[in-house]
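Listed after this line are the structures, all set down as structure tokens.
Two complexes are shown next, each including chain A; its partner changes from chain B in the first to chain C in the second.
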Partner chain A sequence: MKKIISFVLLVIIFIGIYFAVSQIPYGKDKMSVSKHYLNNGVKENGASNIVTSVVLNYRGFDTLGELTILFIGAIGLGVVLFGFETKGKDIKSPSLILNAGSTFLFPFILLFGIYIFIHGHLSPGGGFQGGAVIASGFLISYLGYPKKRISEKGIHIVESLGGTLFILIGLLGLLLGGYFLSNILPKGTVNTLVSGGIIPLLYVLIGIKVGAELAGIIYKLME
Partner chain B sequence: MVSTVWQNPVLLIVVPLGLAFFTPIIGLIRKELVKYIPILGMLFNLTLSLFLLPKVLDNPIIVSLSGWKPPFAINLFVGPVGILFSILISLVGLLTAIYGINYIKKGAVEKYHMLFLLLLTGATGIVLTGDIFNLFVFFEILCISSYALVAYNQDKNGIEAATKYLIQGSLGSAFILLGIGFLYGLFGTLNMADIARNITTVDSPALFIAMALFITGFGVEAAIFPLNAWLPDAHSSAPSTISAILSGIAIHIGIYAIFRVLYTLFGFNSIFTVLAVIGIVTLLIGEMSAFRQENIKRVLAYSSMGQMGLIIFALSIGTVDGISGGLFQIITHTLSKSLLFLCVGYMVYSTNSMELSSLNGLGKRMPLISLLFTIGVFSLIGLPPFIGFPSKLSIILAGLKTGETLFLILIVLMLLATVIEGVYFFRIIQILYFKEPDKEERFKTPFTLLFPVIILGLLIVAIGIYPGLLQEILDRSAEIFWDKLSYIKIVFGG
Partner chain C sequence: MIFITLLIIIMLIGAIVSCILKDLLSAVIVGGAVSLIAAILFYYLQAPDVAMAEASIGAALTTAIFVFAINKTKRLEENEENN
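Moving on, here comes the complex of A and B:
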């Protein structure tokens, strides 16, 4: 009986959502806001990647919120797993190939991650993606050397500093530009590395913070 | 310029957020300092909100972020309702944080204080923002930190309750996101005032479905029947400080979100009748379930559910008087329920049991706490001279004023629910005062636990005796909350 009721409810939800989706004219030309971004984004922010410009400037406050959500995820995990002892005994040593391979790849993965977030305002990519790549570098080094630990203190300091500096840059914008997160630095020449005002700075902070958080999560879950 | 920066409402969100981010570094310098950080953040918020209140009563403030005008950037809508909620959040947050200094000793203490502060930041963000997606982001901050905090004790009940809450809450969030997606598809904008301005240009069933998704999604957090299965478990197995915050603040934020969306975005007035009925059903079910409980925290949790129903009913009357009564009831419930949970937290802490029978004769063993508990209970039932009396009275008057038979019936049912509420609460009072205690020794209450509870008790009595202090603020808030046209006008200027 319970199953039938839930099935009927699911069907109702499906019909409703299908109906709504079929009615909505996605991609039609009424997107005045997005048009404004496309037409004025480069001029107003100096970042040639419009997506970045929207994510970090027009809707930068949301990004701060999303960063916070990830942060909460990391601490929440810490709360739930608090006090669990690491066994560490029955871990087998990985093969030589994994060992050597991870040592070799680790710096390159880090470099690639850093490249992604530093170029976030010029090309596709950005802080969240770059941070994920960096965390994957830590994952492979964990697989290569399961007994080695990165300092948890270090991770905490890095993520804490990343978040605090993000807010400080925002507050500086409030102080100098009159609005929280306003783009106070000179915009520079479009398509060069030093352009887009505060955008690259914010992306570097996000990249480092996300990298540290995801790496911390990986280590916690592995144990 | 510099002189006005310090009164920018965005600081209400950013300062606690920054403090939460900075906490690990402070924790490295000195571990003991961490527990004072939430107090610092909430003290700042309380001061700034109180300072802003007289200003926003005249004219709501629009804060653009990133330096662009709405709808191109996110904006905050700092009206009297937002500031009223912000005062409540920071007041209860401050008192609970003081309570938490000595209450939270075990577990990941540093992380507790960070999550606590982030939960309150999320709540403040929701009530201040004027952008539907930003609202979702802060909603997630609120929800995810409460999932983690419910599991803080790491016992079996806590983990189970948190998992239940997590699953239902995430489903609700997914619904909200879907609703936002529909709205964005229809209007190409996420700014609430911009959507409200254009809502009449679109006549599509998709609009109705989006509204249904919003009500369901936020309804999980607001514990509307039948979306409230998580509430009794989560509220009763969390640490008492968190129960106080969840019951006193988090669920009201869900209600705020529902009615902000309904009042400002959508124009379906017929939905309010349905919601009024659902509200009374929630009220009756909550009170009847509370009646049967033997666990003191579950009694309070079910009673919260019932009170939510009452508030939803009041806000769905659809008149300014009704909204004013609903807001009043929110204040009543926030103060009374956090008072009750904090009192019970100490009782449970001392007697080590949540069963009603373990409270036998506590009135003699901890007289002050029991007295304050009684004040909270009387205020919830709606007895004069406590705050619950004027708030319940104003809801009844607002309902009678409509003159509709349906509301008349609903009010009779509401009074019936109040009787049930009175019966089970008086049973607890009887256990406290008229049963013989097992032991004679008295408990000594530390000052940090006593101080917040006394302040809450004093507020309940003070507002109960002089409801006029609040009435004017509430009426003005209700007017602005209800008035969609002025919302649009204020955001876009002129």
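Moving on, here comes the complex of A and C:
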């Protein structure tokens, strides 16, 4: 009886979702906002990657929200794991291959992450992606040297600095440009490294903050 | 087109297998593979930004964090009827 009821419910839900979704015209652009972004985004912001100019300029406030969510997640993990003290219990030293490989790869991964977030306004990628790549670099260095620690205080200082400077730039935009995170710096020529006003600056800050935060999460979990 | 269809089929099989498997470590590895295929599909759908985020966060960091969590707890899922 239960199974029949749940089956009937599933069918009803399926029919409901089918009729709701079948009304949506896929592949047709009905929104004029997206057209405006696609047509005028490069002109208005000077960033050749339109995704970046949407994420950091038109929807910069939402990005601040994402950063806050990540920050709260890191704090929550710290609160949950606060009581555990298992430092240096039974850490096996890794094999020579992992050891040497992590030493060799770590600077290159770091460089790649920095490249991704510095070129965020020119090529695909940006602060979040670059930060995640940097954190995976820290992960591999941890796997190679489990006993070595980076200072937790340093991580906190770096991530707080990133967040604070982001908000300060936003407030500066409010002061000079009239709205939060307005593009106050000169746009420059499109497709060069120094272009897009405040966008590269913000992406560097986001990359540093996300990288420090995710690396901190990994280090906290490994202990 | 055939390549994309093949990828989607592998991804679906992987997702179902990772739900069925009793060994949690294998399930996490299969989940990471599903994430990786999702990243490739995002790239084919001309969303390289999302593909990069999915590959670095979904495939690398999430898998690592799950492996750490399994390392702290038990690897095999316990059968409830035996307890």
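Note that the second predicted complex is superposed on the first by the 206 of 223 C-alpha atoms of A that agree within 3 Å, B and C clash if a C-alpha of one lies under 4 Å from a C-alpha of the other, contacts with A are read in each partner's own complex, and residues count from 1 in each chain.
In this section, a contact is a pair of C-beta atoms (placed from the backbone, for glycine too) under 8 Å apart; a residue touches a chain by one contact, two chains touch by 3 or more.
Since the structure is predicted, the reported quantities are computational estimates derived from the model, not experimental observations.
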After superposing on the shared chain, does chain C or chain B touch more chain A residues?
B
When the two structures are overlaid on chain A, which partner does A:Thr164 contact: first (chain B), second (chain C), both, or neither?
first
Given the touch rule stated above, what does A:Phe19 touch, chain B (first), chain C (second), both, or neither?
first
Of the partners chain B and chain C, which touch A:Ser34 in the superposed model: first, second, both, neither?
first
Looking at the overlay, does A:Tyr179 come into contact with chain B only (first), chain C only (second), both, or neither?
first
Figure out whether A:Lys153 sits in contact with chain B (first) or chain C (second), or with both, or with neither.
first
Pick one for A:Phe61: touches chain B only (first), chain C only (second), both, or neither.
first
For A:Leu139, select first, second, both or neither according to whether it touches chain B, chain C, the two together, or no partner.
second
Give one of first, second, both or neither to describe whether A:Val51 is in contact with chain B, with chain C, with both, or with none.
second
Across the two complexes, what residues of chain A are contacted by chain B and by chain C?
none
Residues of chain C touching chain A in the complex
48-49, 51-53, 56-57, 60-61, 64-65, 68-69
Please output the residues of chain A touching chain C within their complex, sorted ascending.
49, 51, 116, 124-126, 128-129, 132-133, 135-136, 139, 214, 217-218, 221-222
Which stretch or stretches of chain B touch chain A in the complex?
1-2, 5, 8, 10, 14, 17-18, 20-25, 27-28, 63-68, 71-74, 107-108, 111-112, 114-115, 118, 121, 125, 133-134, 137-138, 140-141, 144-145, 147-149, 151-152, 154, 159, 162, 178, 182, 185-191, 194, 204-206, 209-210, 212
For a test of understanding, state which residues of chain A touch chain B in their complex under the given definition.
16-17, 19-21, 23-26, 30-34, 36-37, 44, 57-62, 64-66, 68-69, 71-73, 75-80, 82-83, 153, 156-157, 159-161, 163-164, 166-168, 170-171, 173-175, 177-183
